[in-house]
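This is the structure I have questions about; it appears just below.
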Amino acid sequence: MDKGSNQSRNGSAKKTDEIRRIEPDLKVNLCGIILDNPVIAASGPFGYGHEYRALTNFEALGGIIVKGVSLEPWTGNPPPRLAETASGLLNAIGLHNPGLDQFLEKDLPLLRDAGPRLIVNVVGCSINEYSRVASHLDGVEGIDGLEINISCPNVKAGGMAFGTDPEATYQAVSAVRRRTKLPLLIKLSPNVTDICVIARAAEEAGADGISLINTLAGMLIDVGQKKPLLGNTFGGLSGPAIMPVALKMVWQVAGTVKVPVLGMGGINSAEDALQFIMAGARAVAVGTGFFYDPELPVKINAGLTEYMKTNGISNLGRIEGIARS
Amino acid sequence: MDKGSNQSRNGSAKKTDEIRRIEPDLKVNLCGIILDNPVIAASGPFGYGHEYRALTNFEALGGIIVKGVSLEPWTGNPPPRLAETASGLLNAIGLHNPGLDQFLEKDLPLLRDAGPRLIVNVVGCSINEYSRVASHLDGVEGIDGLEINISCPNVKAGGMAFGTDPEATYQAVSAVRRRTKLPLLIKLSPNVTDICVIARAAEEAGADGISLINTLAGMLIDVGQKKPLLGNTFGGLSGPAIMPVALKMVWQVAGTVKVPVLGMGGINSAEDALQFIMAGARAVAVGTGFFYDPELPVKINAGLTEYMKTNGISNLGRIEGIARS
Amino acid sequence: MWLLKTKKGPEYQTEDCPVIDKQVVASGYCRVALHAPVIARKVDPGQFVQIFMPPEHRDHMLPRPFSIFGANRKNGELVILLEIKGRGTDLLAGTGPGSSWKLLGPLGTGFPALSPASLLVAGGMGIAPLAFLAASAAVPCTLIYGARTAGQLICPQSDLNRPGLSLLETTEDGSRGEKGTAVDLLSRLIADAGTVFACGPRPMLAAVNNLCRRAGIEAWVSVEERMACGVGACLGCAVATGSGYKRACRDGPVFRAEEVILDG
Amino acid sequence: MWLLKTKKGPEYQTEDCPVIDKQVVASGYCRVALHAPVIARKVDPGQFVQIFMPPEHRDHMLPRPFSIFGANRKNGELVILLEIKGRGTDLLAGTGPGSSWKLLGPLGTGFPALSPASLLVAGGMGIAPLAFLAASAAVPCTLIYGARTAGQLICPQSDLNRPGLSLLETTEDGSRGEKGTAVDLLSRLIADAGTVFACGPRPMLAAVNNLCRRAGIEAWVSVEERMACGVGACLGCAVATGSGYKRACRDGPVFRAEEVILDG
């Protein structure tokens, strides 16, 4: 980042002045959802958004993806649900959520006019559950898109997640596609041998975009207690620890599918965001970052603007995937 | 760790005194290789061992797994080959190595009488290459076992690594098994949907033990240059960042196969080592840790001894896999 | 408008707080006074703050939760009692006056107001929220403060020396105060108690709850859970209750004792 | 016996080194003197040390390599010239006297001995190993020291003020010394040169190599690569040469200029 900027600064002072006059446009079109800027709150850490209203400047958020919503309330996993790891966070919330009705009644009204585009993360244990939530949300005022989290266990297929098998992915996505006209992002699990196969299946089934990555499967053991630390034994690893893994998957998928990619996993700075965009992401999401810096989106936006000004880039389309060429 | 020790300390002073008199035996039997202690140098970071002779007390190493050896010399990847990430290291050495002949002539003599058991990490691009290295090493004085790194691209199968497909794993391991009587550890890649399927295939094909994990696939982008940072684009992530992922795979595989498991991935302390042992590992390996603390094996051994004394554990078999019950 | 509490301003917020005083009150424990005028003005007893790790230690992702031990609305002083437990508390304890901590607060649902004849029961570090509760009380009250041994009664006497507060110390080894546990003492005093307020290890809270239920006395407990957001968003701090999992950070940390499943 | 150099003791080792002096020599640059008697006694010009990150910053895995800028065998002082480039150098530059750095060294293959009429060419931070080479020389020599502008000639004059050393400064903007690059000056002086020793950015080294090859003059260059182990084990620091990849940390960092593929 600095190398680039130094070069142009040291080039011609006049040229630099001209470049600086560019007013960067941070708008991006994420599969039909127009975001004022490419920074989104990832599903989960940000809850239903309103909890962060006093902490995060919502103008710095192009969109909010709310925590996973299922048809009925889910109780989630027994505590402890959280553990800190080296530059990472292990969580096993278990998709605890109050269910669709309460989301629509209680949470949505608090967010509808908040500013950022609103995307609902949908979870389910069967194709039927996914479809029913999608169909209920279709046409609801204030909802701009859906993100289908296919990392949940597929009860019919013996508990393996939908997102680890291309055929199951295709089935689930097609079913949801038939039930909604909303832009459809499919959120993939990184715990697979070949993420491209899954992404392609989702695209073929009608996905408008691919979100990745969800958390890496992991665990910790409480040595004193001689048992797994998390109540659920296994959890998902997020945060800067996983960033290089996420970036590689975004790179691979962006080279495989034609629909836009929403990149996430450990994003911690404008420089990280630029890495994802240069790898081919249309927009980026921040999750774990909210826990240690609720103002992270503000900083990322400021850094992106500064980078674009310094390098004479008027819109992010100019650098999307540029590291691939 | 502390909770356990506090409890026994606060219990009965007399009982504690008795416990403290136990002289812990750190010896373990890793598929026929008797290690004086369960801490091994992982393949790669430690090179061929002699480079670390002045930095690491070899008495703290139960064994050394030397860097991957192939039939012919391999040139490896273009630089840069290394990048630091949050609590992790990304490397793309590309299995650069001087080949079997030079290993036997130059490196082996420097290590043969060093003390720790010696395990040779074997790499190849075809079943034939693996088999030939294994057969050459069979019966060579000073070599106590082989670790077959099946994470290399399988040229015949279109470049997918052997270790991502159970059938290819079975073929490769059976072929090597026929060519050597040495104890055979199979080193697995974590970049798969279901590590247990691969581990089972290796066991059925005659593996004496399973080593895991190798590095997680990842990448970084140099934002200034607008291109991938590593010369090879992709690299492998190691270090504390990946520890929870490694621990989970060790836990799963130890519950799946009957042969012993050698656990590794970000081990950074005696407490980490205990987590792996309690998850079911027979022994543990340290890789990236050597870069920031060449004395890490000494500290891990000291911590294990202290833990065993405090908790009245005479040998590690007593806690192997204890967190599973 | 959709702000949660428009008139009062936000319930909680982040605040950069200079450390104005740090005292080591016992080995591994310190009392830290911060200048936190916004949070100090709003905080109620039983509420807590999240303290962010310094940005140069970003390998530690999570802020750490601490009860408010004292707050002075007038001069904006906020006091924390801190036990070094691991890397995070070690880092915090290693800084002192001259440095600044970033706080998020005040968070959570605190204690209800004290009624006359309230009995406060603190085990170990459970003293932190109860000392603040006692200090804020409009009526006289009794505080039972127990630990294993005298050295673990680390709360400075000066912080407990308030008019209307009768302090009863207990140690299991009898090295200070009465010999026995805080619960032993509670069982002897419970007949005359109004409401009971407790904070301490889970087994102690379970015993308090059992005693109070049998005696038909209302009891409130403050519980600890691992936390991430601290504001009720992530659902990471689940506490098992009779009506499903609740959030320690928002629905708690103070709950009716009968509501929480304490011996699970 | 299989120790590498039994008689002399190990070639390299780790040493805990108190920082005895730190001077900010320009904004973003400092000169750090350490007490490192073991390493200082052994080090040759062109060799380097790895400096470990402080253990409380374990999110930074890798030690950072630094050329030896000066060494006093008698009092055990080792001097480093440090440019703040990122998190690691920032952390190091943030500490000072009173703290200790853990070093690993001396590492690598340094420069061969200077012959009369040697010409040393330093670009920017390339001054570090060459200043030490000049200071250790038994014969007079000439040092060309170039940078973009005067402010980037950050090496303290006192460290270059040695008998037998003629210092020629160049800046691209002419703000100090001759106007032009170090290579421009070299091209004018090369006819009279014995051997050339160079350290600086890759393009500069490539230009030096081209000049010397055309003039038929022997040239040595010191190159930089990202490193992990520093001792030749991990093969992470590959440098492309005419005969395959070599290790910057062990086969180098000093190579014959003609051997390295400098413009790749």
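Labels A, B, C and D are assigned to the chains in the order they are written; within every chain, residues are numbered from 1.
Everything below uses one rule, namely that a contact is a pair of C-beta atoms (placed from the backbone, for glycine too) under 8 Å apart; a residue touches a chain by one contact, two chains touch by 3 or more.
Here the structure is a predicted model, which is why all the values come from computation and not from measurement.
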Interface with more contacting C-beta pairs, comparing A-D to B-D: B-D
Mean-CA-position distance for chain D and chain A (Å): 45
Separation of chain B from chain D, taking each centre as the mean of its C-alpha atoms, in whole Å: 36
Inter-chain centre distance, chain A versus chain B - centres from mean C-alpha coordinates, in Å: 34
Computed distance of Cα centres, chain D from chain C, in Å: 56
Touching two or more other chains - residue numbers and ranges from chain A: 86-88, 239-240, 268
Per-residue overlap in chain C, given as positions that touch at least 2 other chains: 58-59
Contact graph of the chains (line, ring, star, complete, other): complete
Chain C-facing residues of chain D, complex: 56-59, 91
Contact footprint of chain B on chain C as seen in their complex: 58-59, 148
Chain A-touching residues of chain B, taken from the complex the two chains share: 1-5, 85-88, 90, 164, 191-194, 216-221, 223-228, 234-235, 237, 239-245, 247-248, 251, 266, 268, 271, 274-275, 278-279, 307, 319, 322-323
Residues of chain B defined as touching chain D within the complex: 44-48, 50-55, 67, 75-84, 86-89, 91, 93, 96-97, 109-114, 239-240, 268, 288, 290-295
Residues of chain A that touch chain D when the two form their complex: 10, 86-87
